[in-house]
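What follows is a set of structures to go through.
Presented sequentially are two complexes of subunit A, the first with subunit B as partner and the second with subunit C.
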Partner chain A sequence: MKLKKSLPVRNLLGRPVRTAVLVILTALLSVTFLCGTLVISSLRKGLGSLEARLGADIMVVPYEAATKSDLQNIVLQGNTGYFYMDNSRLEEIMKCEGIGQLSCQFFLASASSGCCSIPVQIIGFEPETDFTISPWIKKSGGGQLKDMDIVVGNDLNAFVGDTLKFYGLECHVAAKLDKTGTSFDTAVFTNENTIKKLIQSSVDLKMNTFTNIDPDKTVSCVLINAAEGYTPEEIINDINIHVKKVKAVQTKEMISGVSDSLSGISDITGILISVVWILGTVILLLAFTMSVNERKKEFAVLRVMGASRKKLASIVLQEAVITGTAGSIIGIIIGLIIIIPFSGSIENALNLPFLVPDASGIIMYAAVSVIISAVTGAFAAAFSALRISRIDTGLILRGDN
Partner chain B sequence: MLRAEKISKEFIREMRGTNRFTAVSETDFNISGGELAVITGRSGSGKSTFLNMLAGLLTPTGGKVFFEDTDIYSLSDRELSRLRNQKTGFIPQGQTAIHSLNVIENILLPCSLYGEYNEADVKYAYELMERLDILNLENVFPKELSGGEIRRMSIARALIKKPVIILADEPTGDLDDGNTRTVFEFFRDISKNGSAVIIVTHETDSEKYADRVLRMNGGVLSENKE
Partner chain C sequence: MKNKSAFITDLLLFLASAFFCTGTKFVFHACGKKEDGSYMSCHWAEQAVFAVSISIVIISLLVLLVKNRKFKAGAAAALIPCALMAAIIPNNMINLCMMNTMRCHSTMRPFVITASAVIIIIAAADIFLNINSKENKNEA
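This part shows the complex of A and B:
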């Protein structure tokens, strides 16, 4: 026959306040670690996603767009907007040396539509030359787009099979993209023919600020990848010197601001995690030391009964592992309740790309949090157990320690 | 059965001018099965220190303690702990309950430290409780017990494994005269059954139950031959 519950469990149940304090402390460590690492990881994933979505070394835009920061607003902040340049510039750009891949994009901002409470950015691409959007559509399960087909970003309230109307023209939703955590999640993508029809319609309806453009003779931006043996900087210099009224921008530079902010936030979060962790560990150490001191007569009695040092340490460690595991699981639940439902609010507050890791990533971070929190608790307990087990039981019984 | 050869204990007192003092001077002692020895002496004379050294709970500064032919302080912690668990029953001074366990669980704890207790252990626990007049308290937790009840629970716990050596440090400190008599009579019966019993006490009445009476005075143990 055994005790109804093991001695460590009985000890924990017998001292509910002490147990609750230890569980809360471990939960605090766990929630800090999980939230902190998830925020950093989501920001990094968001930046990676943004880089992947931009997918080109260089963007060439009308000079006015670059100076007004329209491009960064559209690409990074999710603002709607559009600008155009004469496609004769394209031929001049193509003459520059070192161009590996080149594709044009066309921008248009929608008027309010059924899917959206606010206007959305419509981005058109050339299916034959595109190297940034098509792979993404393919990864999301979409195929070749027919005319008047559109692909919608993950945050838009539209689904495959829906029909959306832009500037009087009905468009068929052919695919919905995977979440990227960037402004592209609220954009609509379509092929060159469709966007040209939409631009023309917006001009016809006098809803486009560019009143006299010919969609067949304009593009919004040109995406370029450098050929092997050439650096983006060389091509950018070449374009900016030889092609008039355009500005070539390195995409890395565009997102350097985002990258810097991310780095700053990562550093601050890392410091906060470290501070909370160190404080938490010290408090746990104190809590276990106080608890072991308070119970040293009990431990002495266990030694008197024949408990070895190892047995004593095992009782204290089991208590720590139980409180540590319970606390870290509670911490993880709280952490996930904070991060997952409020990731949108966090993204808005930080104003940076924010892509929460997938389920396997979250499980991994949660498991690491549980292990680290439980190990920290066990370490604090082991330290106290070691200290008490080294004292002669006779001295404790005499009251000298 | 239990033999001490020239054991002594010195302590360091950090707050005193002379920082080293001798609690127990070099002492020889032995006790056989079936004997009951009572050690008396003034407070602070070194009785408890001596008893703790005999129990394997306090390493002597000098000398050796033998259980049968084994020097107990040469054993590993694991071996010495097993020896304490299986061969000795120690009743410490003061309140020594495990507060998360009720009375019957406290008494049976030595049986479940390295395994599980059996029906015979439970039966014997009830016999001990009956003999020590705490039978109706089996499910009560220590915080609800009086000092005397906790003391009798500690005695039952020390005896549950039917040890061959019993070492008791002021076992009747919290008990009234009636219960004191009961406990000493119980120890007398146990020693008649073959166990060696060493009791440190202030009780003058205890001498009438003893085979040997020893006196500790300023760390020096002497046998009372009267």
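This part shows the complex of A and C:
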């Protein structure tokens, strides 16, 4: 109530159009800052999540899969696909020096199911040797997978206890993984026995492009971690020279393209934020200067009535802080309405790993945005406040200003 | 002042409802046809939301055109359950597609929920302003 009666608030309410313009300008600054920083941090978090999920130094795949970018399409683009190599290659790979951990994975893409036109990527792993998917399942609250049990990515509209049918076989959803912001969010994970049954079923139903494969004698991909004292580069060279028809790739190199795209988007967003911010600050500065020029007589009357110079400056600054805070809060609400519900659309549009920060992170960015917007408003008004504190009351009231 | 504010909320309510209706059908629509020409279940969720949104537009038009304040407040109150109904149709009453990355999940559902929430907030403000208008107070 006291606030409503204060002079700066009454000044603002008395000129609703001017106040609305100032609030909209500050809201624009706040939206730009919040959306820009949230997009950049979500992209960085997504890249970190992708690095963590790959979890291996080296991936070994059939030579054709590496040259046709099948592996990159599956891992980075979220496309579905599958490729296989004879598991005799595995024995040859194991002979190479410097291998610390080694585990096989098996890929399969589901056929279009009844509900959707988009197939699902199915990834099988060996529970005894796996070091990439099992820790992630444990972290998401999942346990040991039984046969015909599956674990679904966070973006799949299936929940624990549901049954999904792939190639005529019913699979039971045992766990749902935490959101990673990567293509793995739309994948299904299962153990070696289950994926072999699914591959066999796809071959039997003549729905697999590899018509003559024996699931017990094939693998899709071998994941390797280098042993201590060895570098991934040494192992990659060794495998690529000594094992035929396969290609070893370093996971870091695979995501370097994503990292470059992210860096480019971060730079552009940063430049856009700066441009909008500079323009907004200049417009606010002009708005406050024009407003104070218009109100010179009003301030002169206040001065005659006994208001000190400091009081006049404080009125201008208080008006700026109130409009700045109100505008930035409105801006934050709009920004959060854009970013949080539509994060999926933004992820689809950018086609890059995208993981929105958790609640505490969002609150921190929102608070920083409010403070910066309010301070910018106050800074833009400071010059006008200084001018108004130096007015010559006599000259203004005589009309000789 | 309050009568002027009530007119602004009436107008905002109609504009938000019209945007909700056209947005659901033409801009923030669900996934398209499958390759075989058939539709996925999300298409029917979109149709259901569109049908409810037409009712919302008609009620909000009445709120804008009718002069009686009590009628305005009552009609605005009727918009709240309609908007709530529209918000829970996608994925709660009618299933959407299997992946959250698909258009129905990433575009249509967030739009329907956000637009419904906006309509509910404006309708609540409109009820408050119409109930507290000068005319209603004079009648009392």
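Please note the rule applied: the second predicted complex is superposed on the first by the 380 of 401 C-alpha atoms of A that agree within 3 Å, B and C clash if a C-alpha of one lies under 4 Å from a C-alpha of the other, contacts with A are read in each partner's own complex, and residues count from 1 in each chain.
Quick note on the criterion: a residue touches a chain if its C-beta (ideal position, glycine included) is under 8 Å from a C-beta of that chain, and two chains touch if they have at least 3 such contacts.
Every value quoted in this text rests on a predicted model; they were computed, and no experiment measured them.
Participant: Touch check for A:Lys310: first (subunit B), second (subunit C), both, or neither?
Facilitator: So A:Lys310 only meets subunit B here.
Participant: Should A:Ser345 be classified as contacting the first partner (subunit B), the second (subunit C), both, or neither?
Facilitator: Only subunit C; A:Ser345 stays clear of subunit B.
Participant: Who does A:Leu302 touch here: subunit B (first), subunit C (second), both, or neither?
Facilitator: first
Participant: Look at A:Val17 in the shared chain and tell me whether it touches subunit B only, subunit C only, both, or neither; answer first, second, both or neither.
Facilitator: neither
Participant: Pick one for A:Asn154: touches subunit B only (first), subunit C only (second), both, or neither.
Facilitator: After superposition on chain A, A:Asn154 lies in contact with subunit C alone.
Participant: Which part of subunit A faces subunit B closely enough to touch in the complex?
Facilitator: Within the complex, subunit A contacts subunit B at residues 1-3, 7, 10-11, 13-15, 297-298, 300-311, 392-395, 397-398, 400.
Participant: List the residues on subunit A that touch subunit C in their complex, please.
Facilitator: 78, 112-113, 115-118, 120, 154-158, 185-186, 337, 341-342, 344-345, 347-348
Participant: Which residues, counting only subunit C, touch subunit A once they are in their complex?
Facilitator: Result: residues 31, 34-35, 40-41, 91, 95-103, 105-107, 110-111, 113-114 of subunit C touch subunit A.
Participant: Can you name the residues of subunit B that touch subunit A in the complex?
Facilitator: Contact set of subunit B toward subunit A: 11, 48-49, 52-53, 55, 57-59, 77-78, 81-86, 90, 92-101, 105, 108-110, 112-114, 116-119, 122, 157, 169.
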